[in-house]
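Shared between the two complexes below is chain A, which has chain B as its partner in the first and chain C in the second.
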Partner chain A sequence: MIKIRVLSLALIPTLVAVGSVLAQDSRLAARVDAETQRGVEALAASARAQQLPTEPLFDKALEGASKGAPGDQIVQAVARLLDDLAAAREMLGEDATDSELLAGAGAVRAGAAPGYITALAEVRSSSSVMVPLAVLTDLIALGVPPDTAAAAVATLAQSGATDAELEDLLRKVGSDIQAGYPPVQAASIRSGVPTSVPPPAPPVLIELASPVRDP
Partner chain B sequence: MVFTVNDRSNLIDDVAHELRRPVRIDPALDVRVMESVSRELRPGLAATLLRWLATPKPVRLSPAVTAAVAASIALAIWMLPAGISRPAGEVASSAASGFRLVEFSLKVPEASVVTVVGDFNDWDSAATPLEPSSAGDIWVVTVPLDPGRYQYTFLVDGAQWVADPGAPRALQSDFGWPSSVITVPEI
Partner chain C sequence: MGWRRSATFLFAGLFTGLHPAGAQVEASIDFGAGSIDYDDAPAFYVYNISPRVSYTRGVAHVVGTATFSRFESEGWGTRILSAASVLTPTYRGFRGELSARGESNANRVTTAGRELVAQARIHYAGLKKGVWIGSAAARVWNGTFWQSVVRGDAGAWLQVRDFGARATVIRSSYELRNLESGSYVHAEGAVRLKRGSLELDASVGRRFDEGFADVLTWSLGANFWLNRRVGLVAGAGKYARDPAQALPGGNYVTFGMRLAPLIIATPPRVRSSHPRSRSRPVRVITGADGVSIIRLVGPVAGTVELTGSFTDWRPVRMMQVAPGVWEMRTRVPGGSYLFNVRVDGGEWVVPEGVASVDDDFNGRVGRILITP
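Presenting the complex of A and B:
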């Protein structure tokens, strides 16, 4: 006789996980060719092995499929994102959430220096660093030089700025740029950080490990 | 005794008259009967049900059947909607469920169909259509989003990819078409 309750409860998480994987397969299968699907799933398997989030990888593949990109371009884009996520993990630490890792990957791709990403995480050790990293990335996207953007965000974060205040900085800098101000000047004025002042020194220098990939 | 026709007729009339007379019953009879029935049945049913529920029942299931039951439950959980299928601006939030309602809008007076496509809807170009405003020039949709960072873009008339003019651009333009990005902070 089998104790149905115990066995069922033990099986449910496993089956849900299997179901989730199958769901991802079906999403890709309907949108990309078999070879592309295999490539993306191999990268996702590598991400799982590194305990990195896989959903952003599938999102990237689905974006490529939706925009009509060729398969090899999709796999390359997913591989780049995996590299960025792995780099973000190194910078943010093992406790970083999936959202923080994705925001960190964006900051890495935008060109923010690893030491400053780590410094932001240190400053925000008791709350999520997702918004500071997102604001940093978006400032760079607006044309603010990475070092100036990092100095602006890090200075405000160190002074205890909330997520809302950091988002407000982004909005104001964006408005100033639209009004014709040079990005670097807008960021400096709004954050109160002179352009000549370098961002806070990172607490540690980190060497990025090569991400592990399945063969 | 000899009955004549008239006598029989009278007798029948008398009997019929007697039968047609309403029978007088105590008005409280129904109540008393139902109370009595209820007293008779209620304890028995409840006791039986309780006994059945409280008594351990041996269940014999093969591992295959057990796995099938578990798989059914897992499938049901998996099939639950992941959320109603994100410048985008926040219009409301729910601390209880963690999501925020985000409004996406695009001014395209000449468009026939506008959808928003992004990380939050598997980049499905048909999943999240926008509705034209009453003036017809601004297209709007409100989407509940969990905290996180999402890339998205608008698709106009099924062919033209348009980045949100009011939101930051995504730097990673991996596929040639521009995307925007929205950050939904935690509540």
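Presenting the complex of A and C:
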């Protein structure tokens, strides 16, 4: 009796996983053709093997389907997202949650340098880095240059800013841009990070920013 | 205030033609006095005026500086430098940098020198540290003829809060038309610290000059801001000769006042015919029960539908709660989500003012952050 109970308990996660896959299958089946579905599921299987979240992949496929994209374009988009998730895992580490990985993938796609993403994760080692990464990505999406956006988020995160304060930065920068400020300036003013020599300053900028020497 | 207004007008007018949206212009000017002791001339006092203007837009940076000097006895000296650099997008932590620099020196003590440099670098940089390697080709005028100089440089930098450090090694090879040829290696370490109104710089280096004795170089600089616009600056140091330009080395001490920064916000472009508004187009309110209300402000229409990663990308009709205010309720975990809206059965679009990214399907998709 105990053996049967143990066996049943052991089977539960498997059944849940199978059920989840079937549920995803059914969602896709009604929205894309069989070939596209097979392509997406193959990529999802690859994600599972890498212990990466699969839901964002199905979600991307559903987005493509809802927008009437051709099947090969949907599979390509899903494959690209899988690459971004894998890159985010590399930058954020094995302990990153699914939402952090998805936010990290967004930052990767937006053009944030890997060093910035890793550094943000280090700064937020004791709490979730999801919101800082999402704010970073949204700032870039609003038109703030990646380096300036990263410097703004990192500066606030390093000073112990909460998620709510980072969201507040995003809201204020968004409002300023809507009011007509250039994105780079809005981010600079709201975060207090100078734009002329954003950290990390490329060496040539440091060199040029040095005081004029002798006559 | 008159000079500032004039300068603002001048620079704003100057840069308006350079697509200024998102750009920033900074200008400062130093007034100072000091003592110079060139290797090949007796020490003398000097009075300096040093303006500086920089223009930054995205990954492009342009700077121009000059120093106009009045010497103790008689005569003027000038040093004019302009430079521009542009950075490539980052790829796996690497980014390229191309820069060009022009420099002109002229004064009564030394011969005139000019230098034109083209430089390329590769950086591997993170948020707090980075390394680079690069090379440069220069044409240099030493007062008599032009010659070629080849340089290579490598370095590393570190930035921790208000503390920055940099280490650089430069190797320069030059040939002066049968007169002199050679090379030198210059290794230097520099630190910069900012504490409140005080900024401190220090560097120490060593020049290993072929055929000459090694030279220890150093510099100390301090900048104390009395207020946002006015600062006191002081500096001292020893630098090595520039054999290509035939400029001597020397020691210096300077004191002065800095008027800076003059930051000019050039007028942004308005990309939309919509009236500009400070209200947020999309807002998410999450209650204690975990239900998030997505509120869209803007369109006065018959129907507004929303589709996104929190609706399985199925259209959901939003409810109009006030004229032009539309709401939808959802219960999803905190995270970053993608969405589009459709007004009166039209195209799926991103509301004005919402952060958007390429959707991989030849369109745009809006981003929304839902926090628990």
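Rule of thumb we're sticking to: the second predicted complex is superposed on the first by the 194 of 215 C-alpha atoms of A that agree within 3 Å, B and C clash if a C-alpha of one lies under 4 Å from a C-alpha of the other, contacts with A are read in each partner's own complex, and residues count from 1 in each chain.
One rule holds in what follows: contacts are C-beta pairs under 8 Å (C-beta built on N, C-alpha and C of every residue); 3 or more make two chains touch, one makes a residue touch a chain.
A quick note: this is a predicted structure, and the numbers were derived from the prediction, not measured.
For the composite obtained by overlaying on chain A, chain B and chain C cannot both be accommodated without a clash.
Greater residue coverage of chain A by touch, when chain B is weighed against chain C, goes to C. Of the two partner chains placed by the overlay, neither chain B nor chain C lies in contact with A:G93. Touch criterion met: A:G115 reaches chain C, while chain B stays clear of it.
Touch criterion met: A:S175 reaches chain C, while chain B stays clear of it.
When the two structures are aligned on the shared chain, A:P183 is found in touch with chain C, with no touch to chain B.
Looking at the shared chain after the overlay, A:L142 reaches both chain B and chain C. None of the stretches 77-85, 149-157, 185-193 or 329-337 of chain C clash with chain B in the superposition except 329-337.
Residue overlap on chain A between the chain B contacts of one complex and the chain C contacts of the other covers 27, 56, 59-60, 62-67, 69, 73-74, 76-77, 80-81, 99, 102-103, 106, 109-110, 130-131, 134-135, 137-138, 141-142, 163-164, 167, 170, 174.
Contacts from chain B toward chain A in the complex involve residues 58-61, 63, 66-67, 69-71, 73-75, 77-78, 117-119, 122-125, 147-149, 151, 161, 168-172, 174-177, 179, 181, 183, 185-186. On the chain C side of its complex with chain A, the touching residues are 20-24, 26, 30, 36, 46, 48, 50, 52, 54, 56-59, 61, 63, 65-67, 69, 77-79, 81, 83, 85, 87, 89-90, 92-93, 95, 97, 99, 107, 119, 121, 123, 125-130, 132, 155, 157, 159, 161, 164, 166, 168, 201, 219, 221, 223, 233, 235, 237, 239, 250, 252, 261, 265-266, 268, 270, 276-278, 280-281, 307, 309, 312-315, 333-336, 338, 348, 352-353, 355-357, 359-363, 365, 367, 369, 371. Looking at the complex, you find that chain A touches chain B at residues 1-2, 4, 7-8, 11-12, 15-16, 18-20, 23, 27, 56, 59-60, 62-69, 73-74, 76-77, 80-81, 98-99, 102-103, 106, 109-110, 128, 130-131, 134-135, 137-138, 140-142, 163-164, 167, 170, 174. Those residues of chain A that touch chain C in the shared complex are 27, 56, 59-60, 62-67, 69, 73-74, 76-77, 80-81, 99, 102-103, 106, 109-111, 113-116, 118-120, 130-131, 133-135, 137-139, 141-143, 145-147, 150-151, 154, 158, 163-164, 167, 170-171, 174-175, 177-185, 188, 195-196, 199-206, 208-215.
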